[in-house]
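In what follows, subunit A forms one complex with subunit B and a second complex with subunit C.
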Partner chain A sequence: MSAVDAKATAAPVERYQAAFDARWQGNDELTALRRAALDRFLSTGFPTQRDEAWKYTNLRRLETRSFTSADASALDAHQPDWLTTTGTRIALVNGHWLPALSSQTAQPPGVTVLTLKQWLQRDPAAVASYLKEHDQLTGNALEQLNLAFFEDGVVVNLADNTILDEPIYIVHQSTTAAAGRMSHPRIVVRAGRNSRATIVEHYLGANETEYFTNSVTRFEVAAGGAIAHFRVQQEAPRAFHIGHIQTRLAKDARYCVHDIQLGASLGRTGITGLLEGAGSHAALFGLFAPMGNQHLDAHTHLDHIAPHTTSEEDYRGIAGGRGRGVFNGKIIVRPDAQKIDSRQSSRNLLLSATAEIDTKPELEIYANDVKCSHGATTGQLDATALFYLRSRGLSESDARAALIRAFAESILSTIDLAPVRAALEKQIDERFKLANEAKA
Partner chain B sequence: MASNPQTDPTLEALVAQKYRHGFVTDIESDTVPPGLDEDVIRLISRKKGEPQFMLDWRLRAYRHWLTMKEPHWAHLRIQPIDYQSISYYSAPKPKTDAPKSLEEVDPKLLETYDKLGIPLHERARLAGVAVDAVFDSVSVATTFKERLNKAGVIFCSFSEAVQKHPELIEKYLGSVVPHTDNYFAALNSAVFTDGSFVFVPKGVRCPMELSTYFRINAAKTGQFERTLIVAEENSHVSYLEGCTAPMRDENQLHAAVVELVALEGAQIKYSTVQNWYPGDENGVGGIYNFVTKRGECRGANSKISWTQVETGSAITWKYPSCILTGDNSVGEFYSVAVANNYQQADTGTKMIHIGKNTRSTIVSKGISAGHGQNAYRGLVKVLPSAINARNFTQCDSLLMGDKCGAHTFPYMEVRTPTASVEHEATTSKIGDDQLFYCLSRGISEEDAVNMIVNGFCKAVFKELPMEFAVEAQNLLAVSLEGSVG
Partner chain C sequence: MLSIKNLHALAGEKQVLHGLDLEVGAGEVHAIMGPNGSGKSTLAQVLAGREGYTVTGGSVTYKGKDLLSLSPEERAREGVFLAFQYPVEIPGVNNVYLLKAGLNAIRKHRGESEMDAFEFLTLVREKMKLMQMDESFLNRGVNEGFSGGEKKRNEILQMAVLEPSLALLDETDSGLDIDALRVVANGVNSLRSPDRAIVLVTHYQRLLDYIEPDHVHVLSGGKIIKSGDKSLALELEKRGYDWVKQEAAA
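Now for the complex of A and B:
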């Protein structure tokens, strides 16, 4: 393929042009949209650290890589790390839907679950108009990149008053075939009035594979709707993962997310919540734990547009080895958005002298009748607590592990979906047990 | 229950109150035509009879400034500044060559101070404060020199220091804020005309509080001061800086630089009451106050403490900072910033922890009223060498009125596990219940608000020297009159 040859020498962003030309031709409406998005990406390039939103996250390593779009791949069996939730499961392997591993159960009334490809096949005009309406002019360079390259994903529509008891589990598995490839999955959830659902997003990858996942997840919650969202990022150690979550909340709508970042060499989630209807509420819980040479970044942006909206935010970071954790939480209260109540907390634990935590909780307030607060701390394990546990006969390593687990537990204990919580608790334990052994 | 200020006639009268310190003293000024190039810098340097190293330094700064771009990252809306329309040198014409005592000072000048409520001779005697009054750009009176001389403390105008102590200036000038530091610091380094210089020798506790009053006077004159304070080993000094400026419709740029150097065991306390002209109630006019203030705790066990009360200026943009290089050194920052009418403030501090066991405290109180926008921006950086570093940050915002804004942008970068960094911020308005309680006790709404606001700022005011604290409270009351929210 001639495009491949061109990539080796071309400037970083131009390689994406070549990858695009290799993948998308034609003049239909959707391709035009993609091309416009690519142009916007090319005009700005990857964000740099001079860009305030990327001050602590350097994308140069990602920029130097040449990724091509991943193809559909096969996968033999259910992977052991997948969560065993009940309900609907949708497996995306290297960014493409794999029906064999997805659940085939009949969909409950009021719920439509489609893959993005299915929706594209059924109604390309609707997809194009949806994307045009929501994405054309918003989003940063990487969201534009997703719009240019997305291939598959999931579309969930909840009819008014639908209550979905079982979670929808969306698992993104990258296999060894994904080496040098990128995927841009896109998830769209549209929740009708007074509907309720739980969405679990899980990202996993095969060991030692270098790939790039750049996802966009969108929620639109109509009046009175409620979405519980669990997002577990457990990519392979050499992977790049950038995730964008955009949520719009109408009157009295609720959105609660657990944003857990454990994997990837360079990982970042950006959560944007727009509280557009009075009485809406957003709750953000996050845990990121960079170890080794990992760089994990959590960016949140809550925009209180309507009066009488509330939000709470609790993020915890644990950095060990040469890991670097970043938290940036912004709360905006728009003019005339009175009676706002917003709380934000960022607590961080540094386990080693080479680890780093950068935290930046921000408030931007343009209304006066509000109650907004934020707090941020960074420190080490409490020496007296450690001493107490040691005096009870725990080894140094066990005592440290217990305290780290307790620190993480304040986030994990708010997860009310048992399989997710159990899996994460196990993960955290193993992770820091290893870290402590390496230290001892 | 809380009455609407827009409809309350008594409050409206108070809101309409004009800037009390607004007047222009009619003194002939020896002013250089507007514009900036190397010749202007050479002219400034020549007029001040500076040694060659100063001119070289100024030119280096100017050439670097030419390569820089005006920064735009602050949360501020700034009218473009035309640097070529500013006159970079203005000195009151001397009647005699230089006044040696107060009697020789131009009586018109003294009148100016009277109007400001700071009768120089009175104040100097009663308060035991040596005043180095900067009237526009050249110092006109310095008092209590002898008492300071006896203690070995050097306190003089910057130009005098350049003449008499060039070796100290050469050693310390630009050692904390280099001429390449930022756009406005580079500009200041190139064109600064005067300022204050303090040198406290080893083991000396400065016998009195040092104070400088700044005034901007001649129209269209940007004022670029430079302050340098050096405290040698185990010395102690407290420095007071206060500002008020006459009313004028054109925005005036004020880009000062303050450098503090604390050697081992030294303590420097720097207090500011800033009340430059804030512009009128429609946001017309007012001073641009873009200041670089930084201190370095160079020696072990040293301490630098910044206290500021910022009620004036159309735009305040400054971050008094501490570089905690010495082990066990301490940095403090206490601030009250008020943004009323169309005032904007983007202010805060930077604490850079480098030495072991370094500690810093940040207490910032922002008050926004009218259409004012008040931002706290602070950086706490703990480098890997700063073992056991401690920081505590508290920043609170008070909102009065529904058109104003309060913003918080704290940056915390921690690279050592033994450090402990804490940040807390809250935003709220004056509680209806608090106000109701005061009113039910027969306290007027205006007094109640003053009382609550003073309580809100108490943690900062108690750090101010006595005479400043009283002034600051009055200033706050005047600044916020009529903004009950």
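Now for the complex of A and C:
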């Protein structure tokens, strides 16, 4: 039996052990941390549907693949789907920083933008202690996998009172060289008191390439700070994408995210917001649109730890073909967290009889002086509206596209960063026009 | 222009039209009146091609074509327009988008080029003035948050912009106060022309004070049971429908 066969028949988690041994050796502190994380992953394995948080998402397909760490790869040019934003662009290609396609504008005083590797080179002890403090014992199996395997990423530090007007655009491109490979990018943003910044994360990949992206993004926002976060998952159709976002908010800190999932064969984002300081506010807007055989899962977890904290959540799902979508929104209000105001809305649109969206609000309220509301609806395109538009001369596919766009618009219209909004509107229009034509 | 012969149709599962005949020529205005449940709205929906209405017999010929074989959008592009009794609210789809997409689809079908933005806006502004509508309506969602009267005016605005050959108005007068009725009637009258036919489906004679019909038909039990000129409408207003039904049964 050849070595290749042995690898293919090995138990799934053992393949990750082999991939790890091939990539990481040594006895330094960081490698020890990685190894400990791998052990935690190996001991639990991939989550199964018996785990409540993964009830609607089966990772079996991901588990049966064997992925090895992606190498640094070259890429000739800026890709057509990349956003044209002003400000700093950091290009990660197959999980590795590519300086040639990155551009760093002069940062105002108080702003530091580094790649994770640069930070590691400058101060490995600081990185190790950061990871120990933040990730060693928290996080699910896949976050542990990221800790074991991460290669590169982005670190943004904002000093107190720093206002960064230009967005930081982090584009993660997988190329054909990523076939059979995995990358585990890691983004760390530490925002000082009363600081402000906008972070755009964009994930894309080469068509027909099967790869696995498993990202971790961490925000720590100090008192009075504000972060606007745009996360656009537009991976290649055969890709696997799992993203973990965790945000900790101190007193009066604000976090607003747009969580957009359009690509990948199997995609999931999990957003955890910890409202640790009184007066903090989290706003989560999401849009996921599984078509064909895609499976897209949006998981949110908002923990109102401090009193006088507020959150709002508006998620929309559009599923066509045999697409499957999941929205799971958990809200916890801790016993001492009085005067909470929390609103959650999940609205879903099914475009075909074979599409499915599961939506599950979960409220755990242990305080008594709180206002929490939630609502979920799932429906189809309004037949009367469709007829009305057609009776004015629009083709059925244009009429459907207009109604789908209108449904998505309530999320898209809240995006105040013009290049992101324009690109998404175009994406949505093209996507559903194509889908309709395929259907006709 | 429009020739309906022995039309039988179901609304859902229910047989509503039982052999309806109607001939409408270019340049004519016809009023179809009748009691509730007589099949007036079913006729309008069948002509516009709405799903859920099934033709079980008869034929409808429009400009020499089999109208019933065309999809709703093909009918619209061939020049058939239905002003809805209950215009649909569509948040997120702009009025101006609908007008432009509709107009360009119709022009393309006729082999004409798309209108440029300036030409289009000039046209729309002119028609909005006619309908006494504020330009702010253009960038609102289709009928979104419009009052009953505003919705009906918006229907006639669409009609004025799309310039159909055959305009079907389904109870356009219902729910309108007298001022709005005048504006709507004025809009409809502005479209009267030798190459256009208008069919008004209405419950009341009131609309006909403002839009004078050439022919008036009474629809009852799913067929036309009496036809006449505008004096028939006045007589119906005075005497109700029962005498016509009795006369037809005799």
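What we mean here is this: the second predicted complex is superposed on the first by the 433 of 440 C-alpha atoms of A that agree within 3 Å, B and C clash if a C-alpha of one lies under 4 Å from a C-alpha of the other, contacts with A are read in each partner's own complex, and residues count from 1 in each chain.
To be clear about the criterion, a residue touches a chain if its C-beta (ideal position, glycine included) is under 8 Å from a C-beta of that chain, and two chains touch if they have at least 3 such contacts.
The shown structure was predicted, so the numbers you read here are calculated from the model rather than taken from an experiment.
Student: Quick one: on subunit A, after the overlay, do subunit B and subunit C clash, or do they fit? Just give me the call.
Tutor: Fit: subunit B and subunit C sit side by side once superposed on subunit A.
Student: Scan A:Glu356 for contacts with subunit B and subunit C and give back first, second, both or neither.
Tutor: First partner only, subunit B.
Student: Check the residue A:Thr64 against both partner chains and state whether it touches subunit B (first), subunit C (second), both, or neither.
Tutor: neither
Student: A:Asn207 in the overlay: touching subunit B, subunit C, both, or neither? Say first, second, both or neither.
Tutor: It touches nothing on subunit B or subunit C.
Student: Which touches a greater number of subunit A residues, subunit B or subunit C?
Tutor: Per-residue touch count on subunit A favours B.
Student: Identify the partner contact of A:Asn27: answer first if only subunit B is touched, second if only subunit C is, both if each is, neither if none is.
Tutor: Neither partner.
Student: Please work out how little space separates the C-alpha atoms of subunit B and subunit C at their nearest point after superposition, in whole Å.
Tutor: Between subunit B and subunit C, the minimum C-alpha distance equals 14 Å.
Student: Could you list which residues of subunit A make contact with subunit B in one structure and with subunit C in the other?
Tutor: Of subunit A, no residue contacts subunit B in one complex and subunit C in the other.
Student: Quick one: which bits of subunit A touch subunit B in the complex? Just the residue numbers, please.
Tutor: Those residues of subunit A that touch subunit B are 52, 56, 335-336, 338, 348, 350-380.
Student: Which positions of subunit A touch subunit C when the two form their complex?
Tutor: 382-385, 387-396, 398-399, 402-403, 405-407, 409-410
Student: In the complex, go through subunit C and note every residue touching subunit A.
Tutor: Those in contact with subunit A are residues 48-51, 71-73, 75-77, 81-82, 84, 87-88, 90-93, 97-98, 101-103, 105-106, 109, 141-142, 158, 162.
Student: Mind pulling up the subunit B residues that touch subunit A in the complex?
Tutor: Residues in contact with subunit A: 73, 75, 384, 397, 399-429, 485.
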